[in-house]
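What follows is a set of notes on a single structure, which appears directly below.
Note that the chains take the letters A, B and C in the order they are written out, and that residue 1 is the start of every chain.
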């Protein structure tokens, strides 16, 4: 797809990028932690969007890849002192293999649509149970990373203040955004969209549907794992029952669904809206002693968007702002 | 098998759970001609198309394209072998533009987006859709969608183009336009076309040769005028005592 | 008597309740063709309703079952007519996301009202058991299974003998044809969804005799329902029941043979295998 970049679009992008860069400088520690959550949600949404928004494959088990990235990197660090970035690469490889395995198995047997979604959930939950019994990574009691108080940010060892993690995730998000844009402009992007729209017609035009769907799943899985690995060093503790849950998978898809599946900026916008409003909800809930208000809001947001604006907020907003991007 | 045959079907059969949809059908298609495949509803025409295009695998028989056995190829493999096809119920990529739709087809011959774009534009021009290049596919009228479907298949640069009831639902003036386009395409590009149709006007005008199937069997073939007078053909359309 | 016999029998009894739960899902999918991802949530609603009825009205859970079935029926009917009906012809993934949203809303609502702590009911016979030969069976398990069997029989009779039941079956077979003969498809869909919800509400009530409830168990039950329905065959009522029994027994056996916490692995493994090899399940028709 040609993604037109007129002057308005460029200006808007510049403003957004500038804001993203300078925001942490003015933020207190609470806002910073929220920004990290936002950036993580945006990044994960962008990765999931490649699989669903472009290739049309609904994955509801993406927490699997986050978890694999996190656990592999963390376990290698804890047991062998392996550099976090090397561990990250290992985690990405494992997640890519998992994604390829699930994709190959499913597509070889013609499992699509909702059944495929159920399969992804099954693999995720099964992995969760496995990790509960996997003592090398701490089992259900959890895996803990040693934390030292630092005076400076150490990017090499992924130890530092929240701002560091924010900027790392920001860089990765920008990279995935650029990658998505590039892929959409090339044959692979066209082929993915064709598969998403009508698989049989795509095949009749010479597209090896199996290969391209597999590529989308594997790429999405690999990219997702990056966030898992990075965040493992931010949270410093991992439990299978928090990392591999279906609720986590649902959280991953909520931001891109709200923002606009298949668009470039939808996941980012969705993450922004959800994170800010979600935190507001948690505060309101704390004031009134009502737990779970944020979850309730997430559920309501999903229902409302699917009812009122199934294409997401970004297509609506961009029409209002008359900013260019051919959304799909 | 004659020397100039592009497509050869040799005693091809296909059964669907007890129903013999295609029963030992054999025919040859010479290169660079237009052949019509006609017959009453349920005769097996679309199944024959689907067998050639790789959607189904024949239970028995051979399908040869330029001497190469393509029976059992996947649809994408059939496309790479040189088969392009349209669908009876058109299947545009609704969210993509007209140009992007055709580019998907054009990409078969090269991954460079710019080349694909210019190839696609050339095909759109041939089919009279160039002015709609930027329009969203779902906004087209039915005749336009049919032309888009043909353009898209054409963009893959096939040797054999399978047209499945592409005239259905068109007005006579639109039919005549399509007939002119296909005649020109066959002549200028050396394209071989096999079309199924119920619109006799189009079939008779376009085809040099006609094959008639009924209940999955080939019952007649020959030049259009000859087929139109054949007793078996008349019987299968009108019944006995006509 | 070998020790595993107790596990197998317990598994069959629990499996009956699972079967009722899955039946609700099968009915909904078989007719309305919506993948009800909020199934486990409706079951948990039934469980919490039982807690309330037991606490404020002193009702025994077994008596709550028909009451909850009614409450959930109304809820399901309203939900379908009010919200879901517009989604019948929308793309699959939109339906799925709608149901996900509803599920999230329900879970968080229950969390807000009831809090995260586990709750249960203790009827008078909670600790009693029947003894058949050397086999000891908990009364709660037997009663729960009996309740499930009765509910299933009532549902079967409804579909077999009542006009509405037959109309629903007609809808499932051929929606356009049903409309042509004048059936109000939209209302029938509502009734079907209500029935599915009633099944799972009753199942939840009975399940409360066997387990504790807290808001987050809903996902597990949704998944379990899908496993059973897919293994047994989507849209097949006997399939849902037999699938329930099969899963119940396999859970019991794997709890005995391996460790209890790994029992779900078998269910997931089975789901994966069935989805890959025989997606229509044991009794479903090939699509």
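The rule is short, and it goes like this: a contact is a pair of C-beta atoms (placed from the backbone, for glycine too) under 8 Å apart; a residue touches a chain by one contact, two chains touch by 3 or more.
Every value quoted in this text rests on a predicted model; they were computed, and no experiment measured them.
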Where chain A and chain B overlap in contact partners, by chain label: none
Top chain pair, ranked by how many C-beta pairs fall in contact: A-C
Innermost chain, taking as reference the mean of every protein Cα atom displayed: A
Centroid-based (C-alpha) most distant chain relative to chain B: C
Whole-Å gap between the CA centroids of chain A and chain B: 44
Chain centre separation in whole Å, for chain C relative to chain A (CA means): 32
Between chain B and chain C, centroid-to-centroid distance (C-alpha), Å: 50
Contact footprint of chain A on chain B as seen in their complex: 53, 55, 74-76, 79-80, 84-85, 87, 91-96, 100, 103-105, 107-108, 111, 113, 116, 152-153, 156
Footprint of chain B on chain A - complex, ascending: 1, 185-187, 190-191, 193-194, 197-198, 200-209, 262, 328
Residues on chain A engaged by chain C in the complex (per definition of touch): 52, 58, 60, 105-106, 109, 111, 113-115, 117-119, 121-123, 125-126, 129-130, 132-133, 245-247, 250, 253, 257, 290-293, 295-296, 298-303, 306-307, 310
Sites on chain C touched by chain A in the complex: 35, 83, 86, 90, 92-94, 96-98, 100-109, 111-112, 115-116, 215-216, 219, 223, 226-227, 230, 259, 261-262, 264-265, 268-269, 271-272, 275-277, 279
